[in-house]
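Below is one structure, written out as structure tokens; comments come after it.
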Amino acid sequence: MIQNMLESTPSYLQTGGFFLVGVAMLMVVLGFVTYAILAERKVLGFMQLRHGPNRVGGRFGLLQTVADILKLLLKEDTIPRDADRPLFIIAPVIAFAPAFLVIAVLPLTERISFANIGVGLLYYIAISGITTIGILAGGWASNNKYALLGSMRSAAQMISYEIPLVMSVIGIVLLTGSLNLNDIIAEQQSVAFLFKQPLAFFIFLIASVAELNRTPFDLPEAESELVAGYHVEYSGFRWAFFMLAEYVYLFAMASLTTILFLGGWQAIPYLTFIPGAVWFGLKFISVVFVMIWIRATFPRLRADQLMSFGWKVLLPLALLNIFLTTIVIELFRSF
Amino acid sequence: MSSVPLSAYLVTALLLFCMGLYGALTKRNAVIVLISIELMLNAVNLNLVAFAKYGVGASIRGQVFSLFTITVAAAEAAVGLAILIALYRNRATVNVDEMNTLKK
Amino acid sequence: MGESLNVYQNSYLFVIMFLILALLLPAIALTAGRFLRPSKPSAEKQTTYESGIEPFHQSWIQYNVRYYLFGLLFVIFDVETVFLYPWAVAYQKLGFFAFIEMMLFIIMLFIGLLYAWKKKVLKWI
Amino acid sequence: MDMETLLQYEWNSMWPEFTILLTAVALSLIDLFMNKKKDRSLLIWLALAGIAVAIVCLVLQFDDGVVSILNETYRLDSFAKAFKFLMLIGTGFVLLLGVPDESTSVRGEYIYLILTALLGGMMMASSADLITLFVGLELLSLSSYVLVGIRKTNPLANEAAFKYVVNGGIATAITLFGMSYLYGLTGETNIYEIQGLMGSDVVTDNRFLAVFAFLMIVVGLAFKITAAPFHMWAPDVYQGAETPVTAFLSVVSKIAGFAIMLRLLMVPFVFAPGTGEIITPDGISYETLLVSVRPYLVLLAIVTILVGNVIALRQLNAKRLFAYSSIAHAGYLLVPLAALSELVFEAVWFYLTAYLLMNIGAFAVIHVMSAEEEVTVASFAGLFKRAPYLTIAMSIYLLSLAGIPLTAGFIGKFEIFMSALGTEPKRYLLVTAMLAGTVLSYVYYFGLFVQMYFRPSKRQTPVTISNGVTAVLAITAAGTVLLGVFPSIALTFIHDHFQFLEIFNP
Amino acid sequence: MNESFLLTILILSPLLGIVLLSVMPGNHRFINYMGVLGTVLPLVLTLIVFSLFDRTVSGVQFVEYRQWFELMTSISPNEPYTVAYDLGVTGLSVLFLMLASLITFLASLTALRLKESAKGFYILFLLLELGLLGVFVSENLFLFFLFFEITLVSMFLLVGKWGGFNREKAAFSFMIYNGIGSILLLIVIIVLFVEMKTTNITELTMLLKETDSLEFLSGDTRTWLFVLLLIAFGIKLPIVPFHTWMVRVHVEAPIAVVMIHAGVLLKIGAYGLLRFGVGFFPQQLKDMAVVLAILGVINLLYGAFIALVQTELRSVLAYSSISHMGIVLLGVASFNTAGLQGAVFQTISHGLIAALLFLLVGVIVDRFHTTKLEELGGVASQAPLFAGFLLAAGLASLGLPGMSGFISEFLAFLGLFESMPVIGSVGILGLILTAVYMLRAVLAVTFGERRPLFDGIRDLTAVEIVPSAILLSIIIWIGVYPAVLSNTLQLARTIGIGG
């Protein structure tokens, strides 16, 4: 359906169609966020031998997050007197918008994919970088020392891990010869890149966890150390948008990992009768699960360890990965 | 969707360039001066890309050129900022007007 | 041709739709919130939070130069990927020369990293 | 591009560049892993060895024909060789100036940044493509920015470096803007392709755009060669930078600037149509672009000469004085270009050679004296009593800069006058400006004579000169006189080895 | 074959002195004598040249030619511009050569008094001599210019270092004015060079004469070039609006240098005008003769009038030089044999007389420590020998018959009356004024009230008598037997104009 729309001549009607598709996707994402938070708390609870949310919405606390959101919606929204007001207001939007925007290029299944652009991967990387600006702006606009420090740390961490992240996917680009995510999925018809590019996967996974500011890389918002981080002055729904951005990114990043390394909707050989959407869902959920698992398992890193790890381990490894990949390609070409 | 004429890109680029030039020459804040220079370079990029798409004998070269421009612009910005930081640490100002100790 | 051009244009139309939505959602949510939530501002509430003590100084102070250094490093390395991506995309068609060239490039990048490393730029406070 | 094509290239034509590149990389690694407290002068000698090797490689190629490799982006012709030769020698001198003695030390970055800057200059001299030209230009510029600000804790140096970055950045942007139109008009970035396409209908229909592109490029490059009114940065930067760096900027960087200027202005535009119309019996044709834009070039040269010389009159700081003096010399160097003379390459090259010797020498003297204090004109007082040989060397440079016979500067100036008067119609305006400039320059050059010989000195202590500087002083002074007395050394050298007209042949 | 190196040896001969001086320690007793000796060798060589010079044949003698360097363009590599090392003397230059080395020698004697930094002084002094000799033996404009600049630099240093109170200012104005002059000259040289492809003076003279068809240079260009030459040499001469530097140098420079300056350096202007102005552009000179003559008269009268009111001896002599140089201009302007001969004679004669006068001024400075006319007076009884010489020199300067000044002024005016009688009659007024101011100045020193302050001063010493006597005797010799000049000069052949 979407494919047909993409191929038809642009018109107002069809633009409206796009809009509706977008709204649908937004709903899906919001739904995901709602239950991802719940799932996270449940899984963490499970791993820590406790129950997690279990009051609101039945035994499994199914409405817990919904209630949280409603609470946030009803909370008073304070803007500090000393804050840079326009910047303070606009910062959560800057942080959130790119998070949703990147989803536009992710092909979820063969049929459910939105924008099909040649430089999809680059688009993702470029747009996702904007969030850092939102976080910086929020921290700066708060005019609060904790917020500023938190935002600076967060920005430093995000940019530091962005480089290994970006460099690790070059291996995949080398093998595919395209930046189009659909092409990348098609390339994994037989073997997923997880097996061809294990090093890249390792780097990518770690870097993406860091990019998402999740434990063990959650220094920017380490409640126990830093009060709260860059959003300490935010309250109510403005705060919610920072959180929303993070979980939307979780969605996006997990999807991207699935697409890049796990073959997207591609089925495992001989199991092609199962529809692509299911495959994608399975892979996607396992990635999310791994991320939660990591959160439950690893202790938080120290700030200096965090930076050193990014620059002194991951980046050289990423460079090495490019190097190895090209050499392998060269070897295959000559023999 | 009709394609935008080349001249529109060129005029935009020219405007950007002039804005950048104006900013670089008149602004007092050193950071803004650096940003203005970036603006000028981006005007060049716009020109190059527009020419590469719609220009005479359109070719990929313009895009390649713009890649180089981007990189070099980044390097230039990095060097400029590094120097600005050093300056700020010594003088505690980013006001261009106050950079007048070199005279006579 | 027509179809691929359509795909091309529609794809960006999609992106624009997503952008509109991404901006609309906060706008709607915050506007809705305005009617729902209470608003009783007071001077106490609006002071900046500093763990309970009265805030002193502006916080727009000079922060540690480390952040800048990382920023600069990021700019350099991130922009170098500008060369790596097109190279990686076209690599299969380019041949051996591209291999040599990029190896040199990566080695140069690595030397740059090494330089920063040895100069203690990568050391966090 | 596969292996075979790759091996077909005459890579050996790039040996000088490779040598410099390898030296720079090796030095930076050595510097990184060397004990911090250890003296860095070893690195300077290594760098000098690298330059020596590069010079040898270059000299061995002198009589090869035009070599063009890497899709015609890199080109080794006589023009490139001649200018690279000068740049290598100039950088060698600059490095010698930086050899530390007991009391001083040198930073490793200084050495390899000079080498990378040199590499940029060499790329500029021998690239035939807008992109590589631009990359070379920026390699030189970026290295220079850092070099200027290398004394991190010195506010003057910081300020100078920042001004340099801003001005350089603006200049780069302007040049690029011009280049983008050049690309737009032809769809090519190779300057020889552009040369061929310049006669096309598109260009003819957009002649004004071509002229506009030309002028933008001129303005941008005018910053690089410190031509007025785009010279504002030079005095500040020269003053704020360390003296060897100043010498580098005023000599090697300027040589590179002229190299790129000559190539980028002459080659693509040589057949381009200009704005003026010529009515012939066959219809309307257009004068060439170079003819149309000549008034602007003439204006640029005249303003540069006058501004440089007039403002130099009022300078008290020695480095600023020489900054303005070098602005004035840039003006002289623009004269052959503005005159569109047949002699343009020969005159510019010879004058640059002379300029290299005398200016590096003069900055060497300033370098020696800046060990004691900020060098002002008054610091030269009574120098003859304190350091007679230094004074004599300085006198030679000053005479040469002033264009007194028996020095290289005179022959150079003579050639420039020849170039301006030897073309039809004779460029009397340019000659007049140069004449006025020369006479004005007597005032400040001979003002230094007055200080050195006539005035009593405030200090009595003799001046200490390090070995490296002594070598520079000796070579440059001897060279200045030698080229003044036997100019045929250089002139026949040009004639025998360089066919400058190669530059026009694709 | 031997002869062909003679001129090179001649112009390089001061180098021997320079080298010897520079290896001597700076405080050596004999430095001054060494310096004087240094000027002897050039003098001897000049005498040899003078005596070997063949007065019966025309043209350039002792020619040396060697290619120096070539300028080649890449567009036309086969038509190089050749610059040559090109020496030779004509009758005119032999006379100037003689004048130069003689006066340099005599001037070096007066510098024996110099106590401090004599070494540097003599080195530069010899360098100045080298330049002067070079200027007069160059057969090539390029070389001429080169040596011209050498005199410029060495004079600058000499005046600036060893001059009087305002020496730096004097040195600067010297440098700037003459710098302008030299650059204008350079322009002329280059224009001729690019058009004619040669800088050989004789060749140029021939070519320019042959090409009256204006094949090479249009008439307009020639006029411009002539004007430029006129300004270039007019500054040197000096012609009136450009004279301030010259007065300053006269007043400020050390005596030995002023002797050379007044005696020889100013004559380069005259030499240049005669050799190049008259030689290259006779037609243009003819066209502008009236202008030249008017300039000459202005020089003559202006110098005389100003000299009349000066209260200081050196200034009187400075303006007197201006006045006398006016006569040279008048001689050139008349553009006939008599006039031109007069101009040459006047140049030589004034060189000798001015040298003598300044030599005596040097004595005054040394003994009386003042050159103010009102503070001097009545020295005739205290130093009769000195007074006698001063009087004689003054008389020579005002053109007393029997001395060289008379001959030259007579010839110049003879020529002038022939072509421009009106201007001539105005000019005569200048001669009368000359007598007035010269006598006023000289008599104020020698006669008048006797000053007890000066009792017991030394009269001329041997070292002072010898040069004065030599100069005076030559002045009288020329006055009595002018053929000594005209034989050598052979005006018609040298400059190549009929008359």
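Per-chain residue numbering starts at 1, and chain names A, B, C, D and E are given in the order in which the chains are listed.
Just so it is clear, a contact is a pair of C-beta atoms (placed from the backbone, for glycine too) under 8 Å apart; a residue touches a chain by one contact, two chains touch by 3 or more.
Bear in mind that the values here come from a model prediction, so they are computed numbers and not experimental data.
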Chain labels contacting chain B and also chain E: D
Steps needed, at fewest, to go from chain B to chain C via touching chains: 1
Chains touching both chain B and chain D, listed by label: C
Central subunit by CA centre of mass proxy: D
Among all chain pairs, the one with the most C-beta contacts: A-C
Reference chain D; chain at largest CA-centroid distance: A
Label of the chain whose CA centroid is most distant from the centroid of chain E: A
Separation of chain D from chain E, taking each centre as the mean of its C-alpha atoms, in whole Å: 43
Separation of chain A from chain B, taking each centre as the mean of its C-alpha atoms, in whole Å: 32
Approximate Å spacing (C-alpha centroids) for the pair chain C, chain E: 81
Centre distance in Å when chain A and chain E are each reduced to the mean of their C-alpha atoms: 94
For chain A, residues contacting two or more additional chains: 10
Where chain C touches two or more other chains, by residue: 9, 71, 78, 96
Pairs of chains, among all present, that meet the touch criterion: A-C, B-C, B-D, C-D, D-E
Interfacial residue positions of chain B with respect to chain D in the complex: 10, 13, 17, 20-21, 24-25, 30, 33-34, 37, 40-41, 43-44, 47-48, 50-51, 55-59, 61-62, 64-65, 68-69, 72, 75-76, 79-80, 82-84, 86-87, 90-91, 96, 99, 101-102, 104
Touching residues (chain side chain D, partner chain C) in the complex: 1-3, 5-6, 25, 28-29, 32-33
Touch list for chain C against partner chain B, complex: 9, 62, 65, 68, 71-72, 75-76, 78-80, 82-83, 86
Sites on chain E touched by chain D in the complex: 68-77, 81, 145-146, 149-150, 152-153, 156-157, 160-161, 167-168, 171-172, 175-176, 179-180, 183-184, 186-187, 190-191, 193-194
Partner chain B, residues of chain D touching it in the complex: 130-131, 134-135, 138, 141-142, 145-146, 149, 152-156, 158-163, 165-166, 168-170, 172-174, 176-177, 179-181, 183-189, 197, 200, 202, 235-236, 239-240, 315-317, 320
